[in-house]
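Each of the next two complexes has chain A plus one other chain: chain B in the first, chain C in the second.
And then the complex of A and B:
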């Protein structure tokens, strides 16, 4: 029985408002996700980037199903042919279909990029949040370890280690790349954890008796979700480029497997004379990384605006507040 | 003083003329929900030498209207209407011309003095800058510096010559606000707009700053527009009052008229909903149902209609104009039924919930103790050095406090910022062995607890925090927030599913809203959710850290009534930490006053408020503004001198002696006692049992 039953009965029943129990009834549920999606869709570059990524994935996985040639098949009747109706992107010196190879390479690069992005962000959030929340020795040890990895030259170490996993699956390569990408985000996560730790809802959870790991997983990390999403997206782009670079020098993906890096490596010498060997792989690489960056930018604008900072040029969208509390 | 007179115009030569005339001011902003009409056809006038108090809650448009007058709104805002400062029309002027008027003829004082002052320049430089910006070759830098020192002296900054070179962060909040006032009056303005200048300050500091504003007004003869939500401040300071609601003025008039005979139900409701520090007896506060309307897409008719007890059909169709009430000169109200508002008793018009009878089973002495604190101290070490860290000193944020809370009792712990009440709270709640002293919760010493017992004990002590926005995780729906304490303590899922709607109903919310997110609720509702979460585990002691200070005035009454009702029904004990003594007077049984980490006075509420013994309590009570203009103007004010001493280096003996007016009136030999011996907390004279004060020369002095 609410005490407000007594107060509303002293007033004219015809005018009895729902009183304090009436939460505002919005016409549509303005959840944060919906707001973010709306803002994202308003940014044409971000939408373009998103469509491009979807198109690339579709092309990379569906393309080989449509193409008559496999990536390792050699067509002995056509060596070094320019693009034609038969071979859409032309052929290499030994008759491999460049389209099939490029698609296969695209698959590999995209998957590696995606995995590295997700794993490195996941690792960064766990390490950063633990360091920030527990403080003391945990913080010192984890941050010392982070700083150590920051100092080590990633490229050299992967290059040195690569002969030892020649012949093993490319997942080892993914693990190594991820191991060298998470450090800076971990520091940022740690900083944000230190701020969030002082927020009253975290104090409330602590005084309720909620164990530390549950507080981190349920309260601290979800409130950093915007940062983590943006970071993961941008890490994907960086990972694709890193993988390409390493594969170019022969340290990443090993033959007979192809990636955009290996394709670019084999096509560099003939870039001017037989451009189709080089241009398609390079072009797809640029499109992939550019689209990922556009999406990352778009996400950052969409997420940041709802967290309160409206940009000056954004006339239409100052930070929305709860319905019922005006400017 | 000789340099001051020629620069400031004679105050009386300009009295009576209209300095500012605002006509039909309309401001709108774009937003996600459409155009927000923040200010709608606002008209008012300020004469020279007069103080106009603009009262309103959040969303009423009071700050926006003043920013529009100064031309400080962002470019997205659409402003129309007329703002005449003396004979010049301000609206539509380019920023360069407005810059010549701003700071010289019209000055503004903002709410937060820390952000109003640039941190990298000295205070003296900033005051000189205010002078030089409009001096235009007339003033040399040295002359400006000299004038700045005079101004700092005028506003009451001690040692102005040496403080001239200090930085803003070296000042306390009250001192910073004085510097801002010095900057505002530097060029002898005709109009000073003060936007909630004392909201961020403690009560005693507020009293000092209001004094400074009065001096500023006398010296410059300017008209002052004082924007605030605190009706007590308005009662003591303003000559005329304008009440704003949903972007327009709903009542204007002389301050005495408005407070004794309000003609608009909103004003009446506001007056009835504020707890008064001089109120005796136990009546429930008169809450105003509902919350202020969203200014995007207002419905036709009076915006107050959904919350008004006197609403009739015409109210929902036609918005009333601000018209003179028949029979009263100069008193205007925007209400269709303003003449019928004969009964000035808010309880009669709005209806007040019956105060739930408190089932006091046994007298205090026989009830079990829920919380016992004995000599609690919390020490923070000051550590210097990065590599070789060493302790160079310590701050005793809490330095030996003792109190006891019995079952079903409310203890109010009051004090200003820096007194250590929040540190005491956190120390008690952490359930760890304190630096010194003993904490017993429900009879168990927290130093002897192991982890499982500690977790189990947490069920019995729960917390409600100050900031309703920050205390709820914005990413969890309400149902999850309420379920969290239950699931942490292994309550089965069906039980949780049953309990969550029950909790929502207990605090006056609708159970259907359980799937919504905190952002979709108003401040008052969020605080109710916080209270519901604290009650989920059926605790015996509820610790509340300033639960209503972040809420709007008209919402506070509802939450305070709720807390009162819950206490009576569930037999809870509260530890109520607050700096707002009016709320404490209303709801608490006993009160303990803290100063610099020590409790200086403790006792039953009526004893301490009615017959305070310690000089700090007396000063505190005299500084609290009462929303009654006649009483407020006739009151004796005890102003404390100086600033709060640094807790790292408190005065020897009695900590309050550096600011104590009683100490200042003592003879040399009597002062020795205060300097050398810390006064013990004890009963004095024939005060009632349980009323103790820590003062060597305690004397009752009624200030309310």
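And then the complex of A and C:
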């Protein structure tokens, strides 16, 4: 999905650049924001996705408060019971409440997905911009390293490293997931930096003696903000899938903690005879990832004027947006 | 063109070696292969543990162990597992299982993905286009381990409806199957359908989206109109000029998709009980066995190398500008 997302938005910074060199006027900024928001709201799939994500978060954090059972508690009077008034999603082989466990797993999976999406996009922008801006050996070394990580699937590396974070905090797992999922975005950021660094406002800043890291932070990265936002969203979906996949094999979130992946793994064997062990966790997982993907898609249409659907409806739009947006 | 392809090949081989070294090094650093022995009851005496330690070369520096292992690999000897079995004994049969699954799954995925993508582009905004869009959005959000389980359930329903076993979902063949060659082939096919779907469906969803947008870009282009103005029928113009151009960006994607396929294949092999390389990798990590893990990583790196190189070849074949 990410290549798809970015190939169409590569033209964005070039066209949007005039408004963004340094400090854009506040009036233009609000107009653009309002335009983007309006475009986003017009896309009902994206709005549905956003509502679903908010609802999932609310459910994951508020659900346990109203549920009479804790996720690690066992009800010794109910083993493997189907959903009932007492246990909304049924119980497991050892009497755990499936609702409480699913909510706990949903919390973990959503939080890990969000953190990894944001961190890996941040890493990608730093590596990609540094490689593109400095060029030469920095570029060669960073890109070779990127290629190397592309040859070695992240799944394999994290699985190999999994014994090292067994018994440690799940944040180590988050760091590892983020550390091995930034490569493709970094390549795209590098490509965009290469074209941006030739532009007048960057050369002007350079000749005025602005240090390189500040040019990257103030002039280069803000110009690909829309790409980075879209990419971070899509990375969240990918991160949730990666986390649950690794946890499924026991290479991710470690017991006694649960994630949707570990829940699905333990429900898989009896999925046909005791479907509630499997279906609730799997259903929430699909809905979560689908919603994130829909939001990512909607953001792309809203932020990137060149991507078709948005531009047609804007022709009769009275708002005089900045040059790049109206194009 | 030969120069271009050879340069790419050299780059890939170097990456492959470094990737394997990285996997070997990381595995050696994190794994504690003696843990499973120490937990045995009664606990093995210290001398046995020391002997095992020596046998597994745990005290030697990692680069030395890697060069030792690698020089064996060059001669076709992939070392021993921690329980003492020869890796080479299982390697061929496991590679065969994985390659059959991957090749059939990829072929089905690419062909169906391209066909569906082109069809939705030509029939843009019709019902079939919307259906394909929704279908691929849901599939792209469904992890393989959920999809495989749902397929199993579907297969079970189908078997119930048919009254006999139409589709199997355990293993690659029926154990101790007796019968003619045709019957054996049918038996294989019955085992093959569900696992192939499990890895192909995700690829179909992914490729059809890209193919659709690539084809839409081409549909509005001048050269297609020119081709029709010259007197070609629309169908001929679409397939001889349009599809060929729209396939160029896909070539890179096929190589990229292979990495995803390997992860998906691991789940598929595990869930459907195929004893392939992915299944072995999971076993290797669980047993903390460096040699198994390094062997599988080498296999994966070589596969990605080959698919990357093939996509370069495909690119060169489709795009005349690169052939200089």
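Following the convention adopted for this analysis, the second predicted complex is superposed on the first by the 275 of 327 C-alpha atoms of A that agree within 3 Å, B and C clash if a C-alpha of one lies under 4 Å from a C-alpha of the other, contacts with A are read in each partner's own complex, and residues count from 1 in each chain.
In this text, contacts are C-beta pairs under 8 Å (C-beta built on N, C-alpha and C of every residue); 3 or more make two chains touch, one makes a residue touch a chain.
This is a predicted model, so every value here is computed, not measured.
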First (chain B), second (chain C), both or neither touched by A:55: neither
Chain B versus chain C as contact partner of A:222, first or second or both or neither: first
Which of chain B and chain C A:209 touches, first, second, both or neither: first
Which superposed partner A:293 touches (first chain B, second chain C, both, neither): second
Which superposed partner A:241 touches (first chain B, second chain C, both, neither): second
Chain B versus chain C, judged by how many residues of chain A each one touches: B
Touching partner for A:264 - first (chain B), second (chain C), both, neither: second
Chain B versus chain C as contact partner of A:249, first or second or both or neither: second
Shared chain A surface residues [contacts with chain B and with chain C]: 1, 3-4, 7-8
Touch list for chain A against partner chain B, complex: 1-4, 6-8, 10-12, 15, 17-24, 26, 30-32, 35, 199-201, 203-205, 207-211, 214, 218-219, 222-223, 225, 315-318, 320-327
Interfacial residue positions of chain B with respect to chain A in the complex: 29-33, 36, 38, 58-59, 64, 76, 287, 289-296, 306-309, 311, 350-354, 356, 429, 455, 458-459, 461-463, 465-467, 470-476, 484-485, 488-489, 505-506, 508-510, 513, 516-517, 519-525, 528, 530, 533, 537, 558, 561-562, 565
Parts of chain A lying in touch with chain C, wherever the complex brings them together: 1, 3-4, 7-8, 147-148, 150-153, 155-157, 159-164, 184, 237, 241, 244-245, 248-251, 264-265, 268, 271-272, 278, 282, 285-286, 289-290, 293-294
Chain C residues touching chain A - in the complex, by the definition given at the top: 11-12, 15-16, 18-19, 22-23, 26-27, 29-32, 137-138, 140-146, 149-150, 152-153, 156, 206, 209-210, 213, 249, 253, 256, 259, 262-263, 266-267, 270-271, 281-282, 285-286, 288, 293, 296-297, 300-301, 304-305
